[in-house]
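Have a look at the structure that comes next, please.
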Amino acid sequence: MKGRAEVRVMLKDTVSDPQGETLQRSLVSKGYDVSRVRAGKFLQLELTGYSREDIVARLEEICSDILSNPVIEDYEYDLEEVLE
Amino acid sequence: MKGRAEVRVMLKDTVSDPQGETLQRSLVSKGYDVSRVRAGKFLQLELTGYSREDIVARLEEICSDILSNPVIEDYEYDLEEVLE
Amino acid sequence: MKFGIVVFPGSNCDRDCFWATSNILGHPSEFIWHGDDRDLSSFDILILPGGFSYGDYLRPGAIAALSPLMERVRGFAGSGGLVLGICNGFHVLLEMGLLPGAMLPNRNLKFICRDVNIRVENASTPFTSKLAEGQVISLPIAHGLGNYYLDQQELKVLNREKRIVLRYCDEEGNIVDEANHNGSVENIAGVINPAGNVFGLMPHPERAMEALVGPQREDGRAFFASMLDVFKERGVLDAGKET
Amino acid sequence: MLEKKLKALGLTGGEYDTICSYLGREPNELEMALFGVMWSEHCSYKSSRDQLKKLPQDGPQVVQGPGENAGAVDIGDGYVAVLKIESHNHPSAIEPYQGAATGVGGIVRDIFTMGARPIAILNSLRFGSLEEKKTRQLFTRVVKGIGDYGNCIGVPTVGGEVFFSTSYRENPLVNAMCVGIARKDMLVRARAQRGESTVMVVGARTGRDGIQGASFASCELTQNSSDDRPAVQVGDPFMEKLLLEACLELREKDLVEGVQDLGAAGLTSAASEVASRSGLGMEIDVEKVPLRDENMSAMEIMLSESQERMLVIPREGCEVEVVETFLRWGLDAAVIGQTTEGSDLIVREGKTIKGQVPVDSLVDKAPRYTRSAQGTGKKQEQIKVAEPGDIGEVFRKILASPNLASKRWVYEQYDHMVGVNTVWGPGIGAALLRVPGTKRGLAMTTDGNGRYCFLDPYVGGIIAVMEAARNLVSMGARPLAVTDCLNFGSPEKPHIYWQFKEVLRGMALACQKLNTPIVSGNVSFYNETGGQAIFPTPVVGMIGLLEDINQHLVPGFQEENLAIILLGETFDEMGGSEYLAFIEGREEGKPPQVDIAREMAAQEAVMEAFELGMLENIQDLSEGGLALALAEMTFTAGMGAQVELTGKLPPHVQLFSESQSRFLLTCSEGNLKQVMDFLREKDIPTQHLGWSGGDSLRIKGVLDVPVKEMETIWTNAMANQLGY
């Protein structure tokens, strides 16, 4: 099966986010009523495996070992099948 | 109304994505069957406005003027109401 | 006494480290390609140099930490070998979990290259024995992600175990916010592992080896001299040759 | 129909007829596109070539003059310095971060293509007023783009300049220079040595990005430029670093005949220029080019300007080893064709020939134009500036002028130390690097005052060169060679072309007198929007040699009681000055004049005094005049000075006039008489102004400002405008 995953990697709530904070301040200074910004990463992956379970297992590995750093980040993803 | 938006900013398809390509190659070298990776940004915003329409209008501005670079990037977002 | 300098594809301080250990200090030094799965027992000290190991795409050090050689490095560290991670090398050690914590973007979101003051917090490590506790030294920094993060719990542990080795300070040695160039928690510039043989720091000692280049002072030499001392004590190195 | 097509390709009807006569038939679409890019101003230098020939290009030190990817000059001990400067103005106007980043990538490739290891990057920037938000954003992104790229590949960015004037509001200038070192006997040329040499492409895969970038750079920016611009290229510094190391390894192992980077006009330009230099033909099979995007046509593949790609011609029998070397660096090398004994560039798609044109018709026989030149005929007036009410106030104010204030905000974002050769990085007149493997030092700088050139292009051209030389001399280095980037408006306008010719005339004369040949360079025309051209802006990148790096001086007052000497004569020359622009808001008047003989004598005398070991400091005087030079000398060690203005001109003129050919020197009290005698003997006007010491700059009867206060104003001015 071939799947397309969308992975979102976010800083944990307890970790301060210099990028998000800077963005928030600059949005406020431009007149927007924005109370909080958190910056993260968004990744789209196309990957192949024997089955959905197989792909999910690999995706979990990829997300936890490479795409995110568990000390500071959490991740979540959606996976959909690509029909060819 | 107060809303929480999730914004995804992606490089346009025609623009090369060195980060995604480097990731893809290294995932393959680690034995994962990944055929394509595209890297982007993920942002969570909390913002307040008179109404949903009002927030959407501001969000559009923020996304196109500040969060993304229209020359090379596209964006999309989801917005949900925050009940306080 | 042999230095091994690990080369990742985007390392760019590897040659500078080699210059320091080989040309300046006169010790046998060898580059070790990250992709080689080779035995490291012939080396006494490993250096993970600065640079942008994989362009620092995704996160600095993230992809490098998975290189084939890194399991060997882990083994080398596990059996007590000295491992020094400088800048991007520090990132790699963090990503491998050999050192605690993680790096966030500098709080001003800019790359910062300047000479900074550093206070030595622990001078009884194999990397800092030639320095004195409380001593203020000058070293260059050059990084975009050096904002060291650690949660409160672990921070307590590190403080208790004296594993915070270096802090950013002002000229007089005060640990003040204005001297915290990148926003690191508690001004931390370098930390060591519990066993005391794996050390990571953001500043570049290899750039402070000669008065001619870099800062006028040669404060970087003390780190190398300290490491060499370990081997002198062990009798590996003949005493005349340490600097 | 045809007319429309030609317009899109930037070709004229006359040029089309020439193409037909070269081919003996009408070109097909692909062939027309090849001519379109190769005959663009950017690639063909059709408006500038004849003029550029007037620049001195030869000298005993020249190992490689213009015509290759970069110039090379002998620096002794068997080494050459390789240097080149290039503009990335249009791309940076459209996408500042990527435009600037890929500009750095391109210039660095030019250097390692030659088999030289890049040791330094410099950048020369011109922007509109920082008062404008748009400029602040552009500028911030450009600086970040330059920094991120250079930092990642590990080449220190050691110097440059920044100048703000509304003239650059719509057309910022982003010029990047790179210097490398190679063994003299190991230089690589971009040519093949025989027919049937294999041609490989290596590095990034080819995509649709930047198609027609060369043509884009060859026309004026318009309101619609954001719509018809080529797809923006995204830089990949990591890939560049891999290419750099791999190419240098190939050179080290002597595995290549020739290397050419793919820049403007991509494969088309790389293939035809290599073929042309080699006196050979070349066949390229576009089916063999590794692609990033699907379904690319032969034309798109030939024109793509995807970054971080190289054309590599292995030595006979070394093909496999070349591929293996690249593989180890994680790079794919693909064989895409070969050289031929013929004289045509042949583009194939598998078996089908898609286009075939004589190489010389693309390169050597590209059109040349002698554009008509017409000066304005207007003589600039000598400007008299009224004495300011409070000169101390004015002095404090001007310290914060973005053009004079510290550029620390910029260069702290650049790693200027990596490589451990940086003896003096950014922040002083010129950068000074140790030449690895020798005891010599290489000093380098970029200079060029567009405002002077606007007011008097001939004099401005001379000053650009002389100021660069003065910056090197202030590091104790003897000027050696020049690379230049010529940024102008549309050459089709007679007054612009006149500016171009005049600037060149001035530069040529100055370079000839200094014996600093121009060994490489770049021309960027069409820097205009809505008919409004930028100031004519030559950027002179100059390198010089310091025989013994251990003899280098330390800038600024390091000790008390050093004698401060002003060398050279100050005239009432406030026209074109920063004082006039910043304090009075006028960019006008007759700019400072240069007497070339006096200038040369001054530089030579300073060099000799330095070489005799009589001096403690050398500081050149430029924008901001004596006032700024004195102030800057107090900053390095936080040490003040007491001086007295002994000239006859009013104090504000003595302090802020930008008269040329001047230096500030210091020496120990014991050496003072000797230095003064030495200079007088050479008939050089000299004044002993005073002494270093104290914690303020005291100019007797004129002003007294604490060093701390000056330094705070000067250091923080840019950050105050741009954010920390």
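List of remarks:
A, B, C and D are the chain letters, set down in written order, and residue numbers restart from 1 in every chain.
The definition used in the following text is that contacts are C-beta pairs under 8 Å (C-beta built on N, C-alpha and C of every residue); 3 or more make two chains touch, one makes a residue touch a chain.
Treat the numbers as computed from the prediction; the structure is a model and nothing was measured.
Identification of common neighbours of chain C and chain D yields B. By number of C-beta pairs in contact, B-D leads over the other of B-D and B-C.
Chain B and chain C, compared by their mean Cα positions, are separated by 35 Å.
Spacing of chain A relative to chain B, judged by their CA centroids, is 10 angstrom. Separating the CA-averaged centres of chain A and chain C is a span of 30 Å.
For chain A, residues touching at least two other chains, in rising order: 41, 66. Residue positions 54-55, 57-58, 63, 66 of chain C each touch two or more of the other chains.
Across the assembly, chain D contributes residues 236, 238-239, 330 that each touch 2 or more other chains.
Of all possible chain pairs, the ones that touch are A-B, A-C, B-C, B-D, C-D.
Chain B contributes residues 11, 14-18, 21-22, 25, 69, 71-72 to its touches with chain D in the complex.
On the side of chain B, the complex with chain A involves touching residues 2, 6, 8-10, 20, 23, 26-27, 30, 32-49, 58, 62, 66-67. Across the complex, chain B is touched by residues 94-95, 97-98, 204, 207-209, 226, 231-236, 238-239, 292-293, 306, 330 of chain D. On chain C, the positions that touch chain B within their shared complex are 54-55, 57-58, 63, 66.
Within the complex, the chain C residues that touch chain A are 58-59, 62-63, 66, 94-95, 100-102, 104-107, 109, 147, 149, 151, 183.
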